[in-house]
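Paired with chain B in one complex and with chain C in the other, chain A is shared by the two complexes that follow.
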Partner chain A sequence: MKGGLVVVAATAAVAVAPLVASTYHVLLMLPFMAYAVVLLGLNLLFGYAGLVSFGHALFVGIGAYTGAFLTSHGKIRSLEVILVAAAALGALVAVPVAALCVRYVKIYFGMLTLAFGMVFYTFVLKFYRLTGGDEGTPFLRPSLLGRSLDAMPKIDYLVGPYYYYSLAVLILAALGMWRIVHSPFGLCLKTIRDNPVKAETLGIGVTRYRFFAFVISAIYAAVGGALLGPPTGNVDPTLAYWTHSGNLVFMTLLGGFASFFGPVVGAFVFIYLQNWVMSIVPYWRLIFGAMLAVIVILAPEGLMGLVTRRRPAPASRA
Partner chain B sequence: MTAHVVNVLLSGVFHASILFLVAAGLQVVFGVQKIFNLACGSFYALGAYAGVSAVGWYAGVGGPPALFILPLALAGLAVGAIGIVVERGLLSFVYDRDETFQLLLTFAVVLMMEDAIRLIWGTSPRSTSGLYLTYGQLRLFGAVVPVYNLIVIAASLAIALSIGWLLTRTTFGRIIRATADNREMAEALGVDMRWVYARVFTLGTALGTLGGALVIPATAAMSEMGIELIVEAFAVVVIGGLGSMRGAFVGALVVGVLRSVAISVYPELEMLLIYLIVIGVLVMRPRGLFGGAAA
Partner chain C sequence: MILQADGLRKFYGEFCALDGVSLGVDAGEFVSIIGPNGAGKSTLINILTGITKPSAGSVRFKGREVGGIGPVRLARLGMARSFQLVQVFPDLTVLETLQAAGVARLGRGARLFASLAGDREVQEAALEVAELFGLADQRHMPARQLPQGDKKLLDVASAFALRPEIILLDEPTSGVSTADKTAVMETLVAASRRIGLRAIIQVEHDMDIVFAYSDRIIALHQGKVLADAAPAAIQADQRVIDTVIGRKAGAH
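For the complex of A and B:
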């Protein structure tokens, strides 16, 4: 109950942020919300299925490039259409990739996903005519709910309609993921993570469940990736690079993969901390690398782990 | 025509020699410690920068240009000492954890090293001016080949043979192989794991830094070179089989030569081809060409 109140309060705070916070901070919320969608999906694999993907930037890239393509080559500007197309394309690519990857676990799973991610990266980098190579492809301003907002100044568009649109997508994505992880499907995934052999003997199709978890997480990554485009107005291949995949796992771990909202917290802290550090020294990787090392060694359950550990669990008091 | 083929093949083999060194470092660490070290590319970059600095210093004090390869290789080996710092200071805390955390910890090292290199050497590419052709060029079947390339190829072969000798003929090598096979058993027989892990990781690191140092007369040192090379080294070990030295050797040749051929025939294919092979190998033979059943 208490957790529910915190979530409602946090959502309300995000909703009123454009009214009270500075434009700079409000603009930072946009990548946060996009990454939060990506990470909700990634954590279905990482936290709930126990599979660490080092290639999820592939699907972020697919979502972002879908949007860029539709707006600049296809003359389609509706964000609803873009998000649906990104999800569909993400799923379409994920089906063969997932079918091959989920046959493996642990390090081999991570390596195979990394290899697929790099295939896509080299493809967008090298096929210049199609993708613009390292310069990327422009992501033109999408229309929201059928209304073209081209006349609006860019900042007003981003901190106004686009902000609330992103928030709505994030809330829907979170509600959807909440349903998924609390469904029998989610329970089966956790069983598989904790004991795959036992799950198999209980009649759970381990590979099949991992496959669906992978495809769902890819859809989330593609939708989040499409949301990343409009604020910068351009998508480039670094979105699909392996270090970006690594950063996605980093954010999830930072927030806490064992908690439903951990990845969302991780995205928030990562984005703001990165901006703050970069405003002081250009060497954010040095500081973030050290931070990641400390988290891995001392607090593997991330920030949410630190918060929940302080409160004694009700069960231990009984 | 022959000249072109020889050129493409030899530049492929040169690249393969460097790749082999880095991949061998990756393999020895994975074989013994079961850690996939993402930071081996960063060690490679560190070795490259250290090499540039050492050669620059050497030219500054007026050493004979013909011997520049000595300070170069020594600098590469010397910065390999960072391996013991990373192993004792970071990795030793997570040996009993899930391999995901070990992987992420090496990713943390990747992030730190990239900026540490920028902090020390700046952001612009650094190169050794004109040392590449110190040893002249050689005509081979009509192709003009820098002698330096041949020296590196020979050095890499010699290192491959020494690693083979180290693993099969020395006590340390037997301990390494025993640990790779069965850690608990080796420990029960009185092998101090901390001692083995520290040495193995430092050896793996030094192979990477040496590879980086040897490559820089031929190319410029850039801060991104590490994260770019790791994905190639990764392709090498996957094709060859994780943990296998023979695999690293064959894998490096496959990746090095294929890449060189792809660049000369259809440049867009370059790494795409390599990754498609990697996926093919992972799907068909996840243990790689030389991966043992217990790897």
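For the complex of A and C:
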């Protein structure tokens, strides 16, 4: 119950942020919310199924490019349509990728996802007509709930309607994921994470569950990826580069993969810390690398692990 | 015959772990498999439960060929097992472990957005099995925190939670103190009556347990069936005494 109050308070704080915080900080919240959606999905795979993907930038890229392509080439501006299309395309690409990857575990799974990510990155870079190559594609300002907001100044649009739209998507994504991890499906995933041999003897088909977890995580990554586009107004291949996949894993570790909200906290801290460190020293990767080492050694359960000190209590009332 | 194996062979490279093993288990039977280390007991259990594919021979469960179909489908058909080296889900609680078995049994694993906490059938079934195995007090404890004996019980209990027709227990009392072995066996027998289990096969080293509970004993030696008879006949079989029972005395 205490956890529930913290979540409500945090959500309320995010909701009032545009009224009290500086524009600079409010704008930083936009990538945070987009990444939070991505990581909620990634953690279904990481924290609940025990599979670490080093290729999820692929699906972030698919989401972002779907939006860029639809707004620039397709004359479709509706963000609802863009998000649905991103989710559908993410799932479509995830099906063959997942079917192959989930047959492997541990480092082999990680390397395979990395390989698919690299293939996609090269595709994005080389198919100039479709993607704009290394210059990327403009992500034109999407309309929200059928309302075109092109007349608004860009900053007003981002800290106003777009901010609350992102927050709504994040809340819906979190509610959906909360249901998934507390469903019979979620329990089966956890058995597979803990002991796949034992899970199989209980009649739980390991590859099938891993497959669905992978596809769901890809859908989340694509939706989050599409939300990343409008704030910058341009989508370029760095979004799909493998170091971006690494950042996603870093954020998850930073917040703590053993906790439901760990990755969300990780995304928040990562974004703000990155901006802060970058403003002080040019070598932010050096600082972040050192931080990652400290986290893995001293706090393997991440920031949430320091707060809760144990896995979240299961939601059983029997 | 609920379970029937014919001419099972298993080669690991040149090594022949099982060399033409045939056996049958009838409804209502409690069958023990005994034999010295390396006799092929674990290989046999792993083949019967679908984890290992036999090199030759067939396994029929309820009249259906099941050789090599894998543990997932066998579990759905009504065969469950527990492990010699205890297998639990370290971070799941006792109740969650038993709920997972219930979810699998009822085929509800695809329910993506349903509430597990709100699934009364799964919740009640899990609690019932926890009580049956005396694990109700520890039901909210993660498996990794349980004492070794309770981990073993949880492994067996989760197999029972599948409400199988037949269960294969790989050394159900290994790692359990001598004083507690009988209690574990009594729990097992009571639980199997309660869930309507049709047959039990166990691999066991403790001869007191074997002779006290078995309807029939199958002795394996060097990958072959040395004897397959009622306990009294096994006790009188000189070959079995020499190769299995004699060696076992004091060894475990």
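Remarks
Assume the second predicted complex is superposed on the first by the 309 of 318 C-alpha atoms of A that agree within 3 Å, B and C clash if a C-alpha of one lies under 4 Å from a C-alpha of the other, contacts with A are read in each partner's own complex, and residues count from 1 in each chain.
Here is the rule we go by: a contact is a pair of C-beta atoms (placed from the backbone, for glycine too) under 8 Å apart; a residue touches a chain by one contact, two chains touch by 3 or more.
The structure presented is a predicted model; accordingly, all values stated were derived computationally and were not measured.
Within the superposed three-chain model, A:L167 lies out of touch with both chain B and chain C [touch as defined at top].
Once the two complexes are laid over each other on the shared chain, residue contacts for A:R285 go to chain B alone; chain C is not touched. Contacts of A:K106 after superposition: chain B is touched, whereas chain C is not reached. When the two structures are aligned on the shared chain, A:L158 is found in touch with neither chain B nor chain C. Of the two partner chains placed around the shared chain by superposition, neither chain B nor chain C is touched by A:L58. Looking at the shared chain after the overlay, A:A94 reaches neither chain B nor chain C.
Those residues of chain C that touch chain A in the shared complex are 49, 51, 70-73, 75-76, 80-81, 83, 87-93, 95-97, 99-101, 103-105, 108-117, 119, 122-124, 126-127, 139-140, 142, 155, 158-159, 162. Taken in their complex, chain B has these residues touching chain A: 36, 38, 90, 93-94, 97, 99-101, 103-105, 107-116, 118-119, 227, 231, 234-235, 238, 242, 267-272, 275-276, 278-279, 282-283, 286. For chain A in complex with chain B, the residues that touch the partner chain are 52, 54, 100, 104, 106-108, 110-112, 114-116, 118-119, 122-123, 126-127, 242-243, 246, 249-250, 253, 282-286, 288-290, 292-293, 296-297, 300. Listed in rising order, the residues of chain A touching chain C in the complex are 176, 179-180, 182-188, 190-191, 193-195, 197-206, 209, 212, 311, 314-318.
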